[in-house]
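Letters A, B, C and D mark the chains in the order given here, with residues in each chain numbered from 1 onward.
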Amino acid sequence: MAPMPTDTPEALSAYPICVRIPIAWGDMDAFQHVNNTVFFRYFETARINYFSAVGTLAPMESTGVGPILAETSCRFRRPLTFPDTVIAAVRVPLESLEEDRYTMEHVLWSEAQQTIAAMGTGSIVSFDYRNERRAPVPEVVRAAMVALESD
Amino acid sequence: MAPMPTDTPEALSAYPICVRIPIAWGDMDAFQHVNNTVFFRYFETARINYFSAVGTLAPMESTGVGPILAETSCRFRRPLTFPDTVIAAVRVPLESLEEDRYTMEHVLWSEAQQTIAAMGTGSIVSFDYRNERRAPVPEVVRAAMVALESD
Amino acid sequence: MAPMPTDTPEALSAYPICVRIPIAWGDMDAFQHVNNTVFFRYFETARINYFSAVGTLAPMESTGVGPILAETSCRFRRPLTFPDTVIAAVRVPLESLEEDRYTMEHVLWSEAQQTIAAMGTGSIVSFDYRNERRAPVPEVVRAAMVALESD
Amino acid sequence: MAPMPTDTPEALSAYPICVRIPIAWGDMDAFQHVNNTVFFRYFETARINYFSAVGTLAPMESTGVGPILAETSCRFRRPLTFPDTVIAAVRVPLESLEEDRYTMEHVLWSEAQQTIAAMGTGSIVSFDYRNERRAPVPEVVRAAMVALESD
């Protein structure tokens, strides 16, 4: 899907999914910085790419089991402004991977500032939408996550 | 759904659907005015309320026939700023109601400025999603539109 | 600014700022729930109302001291859907009010579901934009916060 | 700023500004297509790039003369979905360039569909913000526009 940037900074080397996102002028708010809600949009773009890479969404139609974002947070380190490009990087520390949940760790890298502009987390719960209860992360998804994070 | 404002200005008396929308601080962009894309969000809110009022979306599941926004436009007359509340008003001139299409006319009223801040249009095409071609506006919807616009 | 809802639920009685926000159809994403980034937009609307109520932004022009959102988080308890109205409630526990920072506690109440749909936090740092360093919360703002939270 | 795509399709050869924009999953709405307001965000991104290319915003600080978006429209030809990348192309037909106004023509190209997904227009008025009236397009901007469009 989104190609891995070829010039990923060293600081992101532990993050298997890195998506380059050009900041839109319209991402800024009346304080003339990228609005805080847009940081979560960047996180989301990385998360969806991660889901694609490990096949998280594929079993949903046949089994009804899919991910829920249960909690998310962001720590703002540097304001972002247009024009710039961020690299939205995400990883899942394997020690966070429990039977029915795991934690994503997000980083936003500013190419213009050559530094990490924000860090964040996302708690993902595996959910059986048909029976409305938590469900184990499907084995094939778990295996893909372990492989992706072990590269 | 959204209650008709009780104090609708005279200028909106010909508009059967009027929705009060508080402007969010975050609707403003780096020029410190409400961003142009948000005007179309306000139009959309009015459009969805109109669709609800005449039952446009109800037949979609049984017949597959629903509306498509084919074209839309906005003329900006006054900049909008936070804090303010807009009234998003919409009507369908019955002379625009053809077999498979009609035109919505939008107005955004600024309560703070007591004037019309923007005007716009939306061309709606009735579409048979199953057979992928235009389809007549369902009779029950057409009747509801005629009744709503004739009040 | 935004009027205090007259029918604020008991669960929100400890929150001095409560803003009613109609959910827009366009707040929903492809999963047909209100998108996670929009929860932070609702938080922001409450935060800006809080800032207005205690005069946080007023000293910025004369002294250059204003607030920075340093960190924010949201815990999602119930999906939100259109049509609905949320009450975005916010308070600052006085025990969090330090010399140059404090924590906002957010709650989003769903009127349709009659329950709390999400909870969150925001860490606010008082910043001297001219000298680019932290600064004490201005005395007049601190006094207004204490008064607001002690009602 | 945004680099000109190297593989611009023939259909866009008359457009001097072409910006590649990856569609975000979150650009889609509950109908699982890119929301109509986002098309105007893509137009805006192209417009801002155009302004940068011809120096439209540069004189604003010294002279107070800058652009206003007076009117905009979009014709939707194909639904857009994630994942995809659009090329937002824009040009100003020189015959539209009057003393204090001109018209931008927008096209959105879908790389996945290899076709034009939407077309639109934007009417730009040159405005003297200090004296609150229309003002001629600054000569240096006009010359840059003529050069850009004549290449």
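The rule we apply is simple: a contact is a pair of C-beta atoms (placed from the backbone, for glycine too) under 8 Å apart; a residue touches a chain by one contact, two chains touch by 3 or more.
Keep in mind the model is a prediction, meaning the values are calculated, not measured.
Any chain bridging chain C and chain D, meaning touching each of them, is among A, B; the list is complete. Averaging Cα atoms per chain gives one point for each, and the point farthest from that of chain A is the centre of B. Distance between chain B and chain D, defined via averaged C-alpha coordinates, is recorded as 25 Å.
Note: centroid distance chain B to chain C, computed from Cα atoms, is 30 Å.
Multi-chain contact residues of chain C (touching two or more other chains): 25-26, 35, 37, 41, 44, 82. Taken together, the chain D residues at the contact with chain B in this complex read 35-38, 40-41, 44, 68-76. Across the interface of their complex, chain C is touched by residues 1-2, 21-22, 24-26, 41, 44-45, 48, 52, 82-83 of chain B. Interface residues of chain A, counted against chain B in their complex, comprise 25-26, 28-30, 32, 35, 37, 82.
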